[in-house]
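What follows is a pair of complexes built around chain A, which joins chain B in one and chain C in the other.
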Partner chain A sequence: MDIATLGGQLLGQIPLGDIVLYLTPFNLFMFVGALIFTTLIAISRTETQVEAEFGSLNDNEVKVGLKEFKIRRFLAVVCGLATAGAMITGDVFNFTLLVALIGILNIGIVSAVKQIDVLNAAFQYGLIAMIASLPLFGGAAIILASTGTLSILEIAQLSFTTPMMFFASLLLILGIAGETGIAPFYATKAEMFRTPGSPFIIIIHLSSLLVIVRAIEILLIINKPF
Partner chain B sequence: MKLGRLWNSLANPKRIPRVFSIILGVILLTGFLIPMALNDNQLYPRPVPQEQINQGNPLAPYDRGGEVLKEPGIVKSQYPQNEPNLGKITSYLTPIAISVKNSTIYYGTSIYSSPGGLIDEILYYTRGFDTVLESTILIMAFVIASWVALNFTMRREDE
Partner chain C sequence: MIVPEVVPAITVSLFLPALYVGLLVGFIALLGISFQKKDLHALILTDIVGVGMLIIVAAVGTDLAEALILPGLVVQLAEIMAISEILMSREMRKTGKKVSFMPMPLKMNMEILKTAPNFLSLVLIVYGIFLTGFTGGAVAGVGILFYALSRKSRGLPFKLWEGVSGISGVAWCIWLAGFLILFVTPEIWLLGLLMSSFGILLKVASKMGLIGVLGREEIKRD
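Moving on, here comes the complex of A and B:
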């Protein structure tokens, strides 16, 4: 599939040496959406969870402390920017680097909480994110070896697909599945949300979602199934 | 086994790294069955093996020609039109490297040699954004690790 069928008309390119970003309405929409959500997160305050206390009529408020709030806001904003970058990049290796950055920031956003269950889940997620960097970067490397280029604009112009390119895409999607924690590896991420500090937690969800959408576009461009 | 039990077992975070590793191992093993199809259009043109050594070139086998800031060496890139100065520092050698080069003909294969500014040039000039992102990943990992280390040890407030 060529870029115009998937993302609409090619609006322009931003050349940074061998790394050329390309702009289509599809990319720009997700890029601007990620930026708007990042701005909203940067100016918003966290939620407070209210738990009923056992054996009394009082409520227990689980709040986020100021120091925790600051580091989590910083990491969430960087995560939003990395997501926006992954939406607009036109280079497979840059995309994998940004996905790895998102994976590390997702651990960081929940690393400051005090709930032990959440920390355990974040530890398991960190293990997956580390293991997933092997298929992630390996997939990008095999794409480079089998197509001879990392630029998505150049890959879109190739007229052939080889089994090796399909294998590379398989590795790439496995790496992205591990880094973003989609099914069937969702359990760690689902546990990580059981903590106060809602807008920062939501960016974990949103970044995974947008990265998956963008990864599907890149894999369709590489494999040209239709 | 019922499908519901299978899904339930996947809901335990402790099992997830194992499941992931098994799936990754299976896919990597199937990789051995994939026929290799390499695209070598982008490889740098290289001289015939031993050719530079037989000529007595001290930089063999890494000599790519070129003159610093005047004449580009042999370097390929994806978009040459974006990099008009590509290859111009490929032949750069430090003063120490020049003195070593003049004293021995095995400089290119010695352990302390670097083939000019080649690696730096390819990394920083053609793919500069990659190096920015890589160091961003590192610095974010350090930010998280140092914040956790400081606030869960030294500045810990007991509750």
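Moving on, here comes the complex of A and C:
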């Protein structure tokens, strides 16, 4: 499928050696959106969860310590930048790499909490993310083997699709689903959101959302179903 | 045709068997994980899935595939380290006991641990600087790690360790800038080459320092 049909008018290209970024309104919108959200996270403070105490009228505040706050803000900003990079990249290989980076950072954001059940969920999510790196990188490798290139611009100009390319994109979407923890693997990730420190937790949601939208664009370009 | 003429037919025909082997390795590892009940065993078995990934990527066998293998390996390593840290901190919170970063079975207080490390690690670091590049970085890194391991019983200087991790970050930036020079202005390639080679020397050598800082309270004891 044509790039212009999916993402609107092709505004330009940024050639960096053999890595070529391409700009469409679709890409740019998500790129700028991810950057704006990252800036908001970088300047915001964390929430304080308030729990009612049992048997008394007092409240119990769950706060995030300064050191933990700093580490978590750093990881959340890097996660936002990785998401923005995955939006703008014109290369399947860079896309898989940034998705894997987002997976690691998602584990890192919740890894410093004190709640045991959240750590348990983070461990399960980490196992899934590690297992998902096989279909993720394997899919990218098979796309390379069946098309001879990893650049999305080059792949868009190919006139044929082979069953191997379809198989590779199946593996790729499986890997992305596991790495970002969407629907079939969501159970591993849901518990992670119970940790205090809200704006940094939301980047986990937002990154997986944007990455899925971009992944669908890439898979449509590779498979050309219409 | 995607595959060039110079590649022998037998090499091309090996791609599909290698792909099947990779998927099979991943499937066997998943079976193992599904039978496992202990978290630690599941974590170790997950590493086998990563081996399957490396087989699939290596089956392609071009230079682009080589560029995929290295990040894949690094991602795998980073993930297994992060998850094992989560597992350890969860167990520490459950039991309430702290575990040292580099546990040793017995308390060693020997003369040789005070005198030898300085000289041996100096030799290794100097030899590593002489080699330069990735190999030199690895040799110098072994020197630093040896120093850290043998000085551990007396406590490591925490300030110095933070400095080492700072050097590591700066060296990484030099490495990146060197690569940028190679791409942007190829005329001054010699500068770019030297910057990236010395950058990666310092980077790999101080990697152990980074692990040391990420390690826990054991090291903060001055």
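In the analysis below, the second predicted complex is superposed on the first by the 226 of 226 C-alpha atoms of A that agree within 3 Å, B and C clash if a C-alpha of one lies under 4 Å from a C-alpha of the other, contacts with A are read in each partner's own complex, and residues count from 1 in each chain.
Methods note: a contact is a pair of C-beta atoms (placed from the backbone, for glycine too) under 8 Å apart; a residue touches a chain by one contact, two chains touch by 3 or more.
Quick caveat, the model's predicted, so the values are computed rather than measured.
A.B. asks: Which partner does A:L16 contact after superposing on A: first (chain B), second (chain C), both, neither?
C.D. replies: both
A.B. asks: Is A:I131 in contact with chain B, with chain C, with both, or with neither (first, second, both, neither)?
C.D. replies: So A:I131 meets both chain B and chain C here.
A.B. asks: Kindly classify A:S151 by the partners it touches after superposition: chain B alone (first), chain C alone (second), both, or neither?
C.D. replies: first
A.B. asks: After superposition on the shared chain, which partner residues are touched by A:A140: those of chain B (first), chain C (second), both, or neither?
C.D. replies: Once the two structures are laid over each other on A, A:A140 reaches chain C alone.
A.B. asks: Is A:P184 contacted by the first partner chain B, the second partner chain C, both or neither?
C.D. replies: first
A.B. asks: Is A:V78 touching the first partner chain B, the second partner chain C, both, or neither of them?
C.D. replies: first
A.B. asks: Identify the partner contact of A:N120: answer first if only chain B is touched, second if only chain C is, both if each is, neither if none is.
C.D. replies: After superposing on A, A:N120 lies in contact with both chain B and chain C.
A.B. asks: For the overlaid complexes, name the partner, chain B or chain C, with more touching residues on chain A.
C.D. replies: Ranking chain B and chain C by residues of chain A touched puts B first.
A.B. asks: Quick check for you: in the superposed arrangement, does A:L6 touch first (chain B), second (chain C), both or neither?
C.D. replies: neither
A.B. asks: Under the contact definition given at the top, report the residues of chain A touching chain B in one complex and chain C in the other.
C.D. replies: 16-17, 93, 97, 100-101, 104, 107-108, 111, 114, 120, 127, 131, 134, 145-148, 150.
A.B. asks: Name, in rising order, each residue of chain C that touches chain A in their complex.
C.D. replies: 2, 15, 19, 22-23, 26, 30, 33, 39, 42-43, 46-47, 49-50, 52-53, 56-57, 59-60, 62, 64-65, 67-68, 71-72, 75-76, 78-80, 82-83, 85-87, 89-90, 93-94, 183
A.B. asks: Would you mind writing out the residues of chain A in touch with chain B in their complex?
C.D. replies: 15-20, 67, 71, 74-75, 78, 91, 93-94, 97-98, 100-101, 104-105, 107-108, 111-112, 114, 120-121, 124-125, 127-128, 131-132, 134-135, 145-151, 154, 162-165, 167, 170-171, 174, 178, 184-188, 190-191
A.B. asks: Quick check on the complex: what are the chain A residues that touch chain C?
C.D. replies: Against chain C, the touching part of chain A is residues 16-17, 93, 97, 100-101, 103-104, 107-108, 111, 114, 116, 119-120, 122-123, 126-127, 129-131, 133-134, 136-138, 140-142, 144-148, 150.
A.B. asks: List the residues on chain B that touch chain A in their complex, please.
C.D. replies: Listed in rising order, the residues of chain B that touch chain A are 10-17, 19-21, 23-24, 27-28, 30-31, 34-42, 77-79, 82-83, 125-130, 133-134, 136-137, 140-141, 143-144, 147-148, 151, 159.
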